[in-house]
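This is the structure I want to talk about, given as structure tokens.
By written order: A, B and C. Residues from 1 in each chain.
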Amino acid sequence: MLLYAIFLVAIVAEAMTGAMAAGRRDMDLFGVCFVACVTALGGGSVRDVLLGHYPLSWVGHPEYIWFTAGAALAAALLAGVLRYLRVVFLLIDALGLVAFTLIGCNVALEAGHAATVVIISGLITGCFGGIMRDLFCGDVPLVFRHEMYASISLLVGLAYVVLRHFAVPEGAAVVGCLIGGFCLRALAIRYDWHIPKFVYRDKP
Amino acid sequence: MLLYAIFLVAIVAEAMTGAMAAGRRDMDLFGVCFVACVTALGGGSVRDVLLGHYPLSWVGHPEYIWFTAGAALAAALLAGVLRYLRVVFLLIDALGLVAFTLIGCNVALEAGHAATVVIISGLITGCFGGIMRDLFCGDVPLVFRHEMYASISLLVGLAYVVLRHFAVPEGAAVVGCLIGGFCLRALAIRYDWHIPKFVYRDKP
Amino acid sequence: MLLYAIFLVAIVAEAMTGAMAAGRRDMDLFGVCFVACVTALGGGSVRDVLLGHYPLSWVGHPEYIWFTAGAALAAALLAGVLRYLRVVFLLIDALGLVAFTLIGCNVALEAGHAATVVIISGLITGCFGGIMRDLFCGDVPLVFRHEMYASISLLVGLAYVVLRHFAVPEGAAVVGCLIGGFCLRALAIRYDWHIPKFVYRDKP
């Protein structure tokens, strides 16, 4: 239930970040809604397609499309205001990243997949929306160059799998991972933590 | 039957527009065929994968691959002539957009999906080929910045769902939507109709 | 068995080429692992999703994820050394291209698909990893502009389908295609063979 409530808030926030990215590329309102839906629902869709988990979330719950498209149009209208809410967005996005990851882990756990696949499933759910947003906007995905983002999704997935493996009840594991992951992400943003880059040039 | 005939003409025309886009990027003949197939068949494939509707159209009808690859090679040979047929292409493309949309709606209707999903299914079938073409050619998708294109697919899907909901026979609904959508698209091109853009810059 | 051994060597080599491409774009170690996994396992995943062939190879064999992620990290550590192994990589990549293609053909053959679909399945398995690597790195796919690469996958698939159609035993067909395809690719690299390009400009 908690996870579901956070999920709804998070898809709205993700949709808004998608809409902003589309606005930076001067897309029309249709493009804005499309990029917003892909950002908010793309991670879960890719996960479901890769795991063969049908129907996809937005096919079973078409209202998610309305939420995200509505959030995108609201973002386009209120862009001047949202500018000043950057920190709020970063925090909701941090919570959303953890919530998406846990939802992705649960989908793979319920399908009985191996631990590696469970963690990957969480990672895809958490990060692929942002990757696809950047792809459709013609950028090299930010996820791969930013402060710790995908790595936090990975750590949260790992922690959740370990907790569930040692029979920690689902509720406790979810709350623990949410709090831990959120704090880690907030610290990563605050202190600008990065994981090392690999810089390679063909000419030595 | 009418829809099927238009579909065949439209995949050939879409394949040719894909081949042109690949030619603008100096791709080799293999890349030209690949981009042509993705442009013509990609929208339907994405739809089928998202809805879990197997087998995909070109898996069940491999001749579609031959039609599109053949059309791409023909386009590469006859590029000098096609240059002068731009208006013909725009008109076939308009017809194809509407036909693809209606086919996509029918696939989702037959699978018993909700109205929102039916409209999205039409939209994906109509527009995703062009989106993927631009993605593989390294461009921000045109669909999001052009005159009304995706929006016409959306309107056609909406009209079709409403007509079918009020028990209008399939044939009549298809013909009505084809004519209406084609005229709307032709008018949008002629008078350069756009839907509003959302332009957002980080610095105010 | 032979094919499987080559497959394992090839996913490691493909992962390393993916890691190099990510390093050229200054991605962090997470991005490096992601691009490596997509390069090595993306072709097979796209094939399985398009053909509805579940579970995907890395879902059933999560160890593939470990091999490719490990190879990516090794490549990032040993980049200075790998620089001098370029020819070795090109040869393993050539073997991998043929092995991936044959594995893709076998998957479609076993599912009873038509010859065209079998060849396309081999082509997707052989080439899509590289296409997705370039897409995530923000490049127009190299596959479409390089010396004969995709065309060799196509020829190998065609030869394999013909051999199997005339009841040549699987082992003999595989070995024949491996040797023939490898030699063809080596010759294409050595003598810089290209298939013709289609260069199209809107203004004549």
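The rule is simple: a residue touches a chain if its C-beta (ideal position, glycine included) is under 8 Å from a C-beta of that chain, and two chains touch if they have at least 3 such contacts.
In this text the structure is predicted, and so the values were computed from the model without any measurement.
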Going by the touch rule set out above, what shape does the chain contact graph take here: line, ring, star, complete or other? complete
Suppose you list every residue number at the subunit A-subunit C interface; are over half of them used by both chains (same) or under half (different)? different
From the C-alpha centre of subunit A to that of subunit C, how far is it in Å? 29
Considering subunit B alone, which of its residues make contact with at least two other chains? 49, 52, 135, 138
Subunit B partner, complex, touching residues on subunit A are 19-20, 22-32, 34-35, 45, 49, 52, 54-56, 58-59, 62-63, 65-66, 76, 79-80, 83, 135-138
Can you name the residues of subunit A that touch subunit C in the complex? 49-52, 113-117, 120, 131, 135, 138-141, 143-146, 150-151, 154, 194-202, 204
